[in-house]
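Common to both upcoming complexes is chain A, partnered first by chain B, then by chain C.
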Partner chain A sequence: MLDGSGLISSSFAPIRNRAYVVGKDGRIRLDPAKRHLKPYTLLTEDESITVAANTDMTGGFAAGGVSDPAIMEIDGKAPFEATTISFHGRRTSTGAINSQFTVKIMDPQSRPLLMNREIHIRTLAGGFGSSLGTEANAGGRPLILPETFFMDPDAGGRALAVEFRNLNAFEIAVRIAIHGIRYTDFRAYESALREREAMFGRGRIAYPFFATTDRHVRLTASQATTFDLRLSDDSDAELMKLARYSDGDFLSRIVEMDGQRALDNAGADASGGQSGVFMDFMWGDSEFPFIPYETAYYERGTKLQVWLEDLSAAVNNVWVTAIGRKIRYPEGAPQR
Partner chain B sequence: MTTKPLVFDSYIIPAKGGGYTLDMHKVTEDYEREMKLRAGLFGIGMGDLHTQETSPGERYWDSSRTGRAIVPGGAGDPTGRAVAERPAPCLPPDLQKIIDCLCPAIEKAFACALDRCRPIITRPPNWLAPPITAVPIDLFTAGAGVALPAGSGQTPGTATAVLTLDVTDRFVGIITHLGNEGEAVASDDIRWSMQLNTAPVRYYGSVDTQLGEVTRPTELAKPGILLPTNSQFRLVAQAKAATAHTAFARIQGWMWAARRLSADGSFSEQCDI
Partner chain C sequence: MSLPTYIRRRRVPDPVAYLDNAFGRKQVETGPAFWNRVLQLHKQWQEDYDGFYINPAKRSVRPWWLVADRAADQALVVAGNATSAFIPFTIDTTGHYEVSYIMHQATSTNYVVEIFDGGNNMKKFMNQEIHAETIAGTARRPFVLPESWVFNVEDAPRTIFVRFRDRSGSSNTIRWCFHGRRWFQKEAIAPVQEAIYRRFQRRERLFSYFLTLDGIPTGSTEDDNTPAIRLTADQSVIENRAPYFWTTDEADTELIKMTFRSTGVFEFQLREFQNGGRILSNGFIRNTMGMGDGEFPFVFPEGYLLERNHKLGIDLRDLSSAQNDIYLTVIGRRLQYA
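After this line comes the complex of A and B, so read on.
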């Protein structure tokens, strides 16, 4: 397509194998966007965050083990567009790989958090599986955000705050990295924003969102119960990927509160009790999320019910996260 | 549905000075028509078969796949206007100018009526001072207290929820005061943990000291503990050693109905005054 420079380019976006474009004169030339779009990795300060041990209280309760908010700050030179997230974790005393912690990302800009509650790191970022089935860290398979989000230092979007909670009874050191694109040219950034605006309408913004149940899910042995998942009143939500981490196997169903429409035909089992979908048919993890063939789009204020049944016959902590995007109508935000 | 592929070869025309060149007029015209056609007929999302390769970091919504609408002067604008140019106004230029000048003043004057959420604050926000619609929170243990079973040796006893507060749907709350004490023993024999949805609250997740009394709760660091909608707040306690104890506790604060909620507990505070 043509951009302001009068060149035919596939897109301003940094797509692989698109370094060259066809110019007006029909000649192949370097895409000018390549001069000011660069990959960029955003880390916390400090680069490694130590999270104190979680003091185990008996009866399934935990105490302490919450880190201070860590800041992820970009300098004021150029906007940043986040696309993928990866993490790394180790037990400080032994150096053993560890991925048992939760995370909460806060956006100091007017936008709210990227999640409704703390979520398990294995439903937020990739990096825990160098090969299938082993718990070892590796780069290269980060979570691909279903929607990118922008951090513009000129518009107050200069930093994120991240809070970790240790799920172990020992100290761990964690790292998290958000990868993306740095726009060192304002025009490219402007056109990226405009493209976003064209998708969602003037003044609307969209950003990734991690929706989990309103309350933490801790199933007792063979327990089956329903948890609410309320999508916010201030924006529509589109759920695109499903990820989970759990102590053991479980069945699950998602039912829309409005109209009680279920997203499966599991229904009742032979004995008349409720049945559900086996976890692997519904939830992946952040490295290999389960991707429904169709996204689930919900208008503001929708409430979902997540029905879960433990299959492990033991206490089962279940962290389910629906990864998608929010499309927000910013009342109060200046209309452009 | 058939979609004609974009073949630029067919737009090659003889150039004036000899040779060949692209007929740019035809290209842009056809391109625009093509994009509109695609925009109306199909879009591609997650889980669909992509017509191009997808690589990490690539947008899912690449315009050449989804054919989304093109903003005048924007990235995909075939007319090639500068991207920073302001889109053409919908109204006659003069009227547009007048509106541009007056809008800030009008919006400010009618901020509440227009529900624009302008930060015109005449009182502290709801989490610092309860609004008139607030519901008080004053939750305290029964006179007999809550029994905390003894542990054995240095092993702590069973953790017990002393106070539990369910935040009503579409309400947001704040806890500002806490009183916690044991029976007539030093309170450092008891470990307290304030928890939101079973996650310990930072700084208050593991407390083995007395912060306030039931009759005189202490004020927490401002702004207190924000309670998102539908969340569950618990004050949990356990005897730290082989002695059973009785826990007494009290939390104070308020809840209020928020007009608009984010599921994360943040909310459009200016509109809810």
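After this line comes the complex of A and C, so read on.
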């Protein structure tokens, strides 16, 4: 470490849940806390949700085809810490695999909880079978949340609601699974919370967040235009992974509104040519997201602009998602 | 990898100054009441200030992509078997830059590249042309340099030059991109600015380096498609006839990853030229069991130190029963003694 300026390299989060510990006598023993930590998967109450065909597909992005909110509820026995997300989707009439739908995760009062608006499933969860793998082994590649989040049934955190939007003109059946850790012993849970509080400070909450453009991106052939991506005013945000799904190829740029700082050297060149970064250099997908060499930390109220240019010479629906964490702290809290 | 978002700061603000400030000039309590008050304030100080803070450097560091300067070069058309001009990738003076990932996309990924540091006496990052598939990936699996290339732009812009040579035989549209970390030191607070300045003073001595084969006999059949070695069906090149990786005498090289691109299967074994010809396996290894590609390189369980002016031979045997063009790359880091 260099004189407190933070120029050191290390991992994001503390190591947790080791099964074995070294006792004072140097012997390796089973960690007693391990008995109270169990892997756990949280599903919707009907495991498979049928989403009606979207009959309003003429605009490219459909306004209809939305499911009723499905509840994901844990019982009151123990808190839950979510770590990864996976999904499955299929066409009900043929059984063919399908991943053309969006999802919105909400609190039980239907307020978006982990995202600014609905997110394409291929940028939020694993399960579609990236071209680097196959659908059959996609379970091995869930989206790993860059920050975990806790659901404590004793503190009002008993349930989530999820809403799906079908992007097909036919009916589909979808499943979503949030995997994580169940704390069957309250002391182990408290210990995890203390670890979290030591990390973030008193009164601070950190949780995963999916940020997409403020409005849906539908580029006409060869169109180039800019879309706002506002990070909310209530918390700082750190962007850690980038994922996309699109109908065709595109170029993109990310520019910070404050100071117009761009995250690349593209843009107008000496000859006046406009350019951007090719999509496969900036965005991965939820199974293999692009992990920038350095995370981008933004203070509350930051607005980004995402410039996009179609390369497909056809209508191009583009979903881009920045995956990271939000760090919320009370107004007037000591500056850290 | 990424800088930590949180760092631990101790004794900030100074507890004594904090107490002085809390009590003010008027000290009314004495005895146990005084000490109770001190303990209360200490607890308050711990709750408010002790623990982790947002790393101040994070506000001045960003992920950053570097593409070709000219829009026309960002999707560069290279004629079949032709060589492009040197394409500039310029880093302006806004802030120091570290290159850590390499990515590419092309009509055909069968092409070779040369990469130079234009701001450092055209220092090459490789001994000769390297096959693109062995050192580049995409956003989902970028090729990760074992050691960043550091570009100090305190006084002037720096330019990386890249030259492409198509090996597919057809017109090839190539996109090439570097990714890494940009340090906006000029916009940072003073202590962060000073720390960045110190960090970048000498970091350029350490850099990633690509080595491909040397020692392919000139004028032989094996030389017909360099930098690949061309084996005829079932041909073996072993011992004295084997090609080698050769690190020249300006730096030691620690080899960390190994990749290949070939038109057929083959097997290999690594042989030291020094140390009595020690072989690094107990037999021949099939290519896919000891080499990867730019997206999934094979990573040595232990880095191999190839000292300056040493050679590491590689015995090769074709298993495809057909002509086999084999491009081999070992990727490591170099330390120049300045």
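The working rule: the second predicted complex is superposed on the first by the 288 of 336 C-alpha atoms of A that agree within 3 Å, B and C clash if a C-alpha of one lies under 4 Å from a C-alpha of the other, contacts with A are read in each partner's own complex, and residues count from 1 in each chain.
Methods note: contacts are C-beta pairs under 8 Å (C-beta built on N, C-alpha and C of every residue); 3 or more make two chains touch, one makes a residue touch a chain.
Computed from a predicted structure; not experimentally measured.
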Contacts of A:285 with chain B and chain C, given as first, second, both or neither: second
Per residue count on chain A, the busier partner among chain B and chain C is B
Report for A:32: first if it touches chain B alone, second if chain C alone, otherwise both or neither. neither
Between chain B and chain C, whom does A:270 touch in the aligned arrangement: first, second, both, or neither? second
Can A:295 be said to touch chain B (first), chain C (second), both, or neither? both
Report for A:261: first if it touches chain B alone, second if chain C alone, otherwise both or neither. second
Looking at A:89, would you say it contacts chain B, chain C, both, or neither? Reply first, second, both or neither. neither
Report for A:79: first if it touches chain B alone, second if chain C alone, otherwise both or neither. neither
Which partner does A:208 contact after superposing on A: first (chain B), second (chain C), both, neither? neither
With the two structures laid over each other on chain A, which partner does A:148 touch: chain B (first), chain C (second), both, or neither? first
Following superposition on chain A, which residues of chain A contact chain B and also contact chain C? 1-4, 6, 8, 10-12, 198-199, 240, 292-295
Of all residues in chain B, which touch chain A in the complex? 8, 12, 20-22, 24, 27-28, 31, 45-48, 53, 55-64, 68-71, 73-84, 115-118, 151, 156-160, 169-170, 191, 193, 195, 197-202, 205-206, 228-232, 236, 238, 259-268, 270-271
The chain A residues in contact with chain C across the complex are 1-12, 130, 132, 198-202, 236, 238, 240, 242, 261, 263-266, 269-271, 273-275, 277-285, 287-290, 292-297, 299, 327, 334, 336
Touch list for chain C against partner chain A, complex: 1-7, 9, 47-49, 51-59, 61-67, 69-72, 74-75, 89-92, 98, 100-101, 103, 105, 138-142, 175, 177, 179-182, 184, 191-192, 194-196, 198-199, 295
Within their complex, state which residues of chain A touch chain B. 1-4, 6, 8, 10-17, 22, 24-26, 39, 54-55, 57-66, 68, 83-84, 102, 112-113, 115-118, 142, 144, 146-148, 163, 165, 179-181, 186-187, 190-192, 194-195, 197-199, 211, 214-216, 218, 228, 230-235, 240-241, 291-295, 331-332
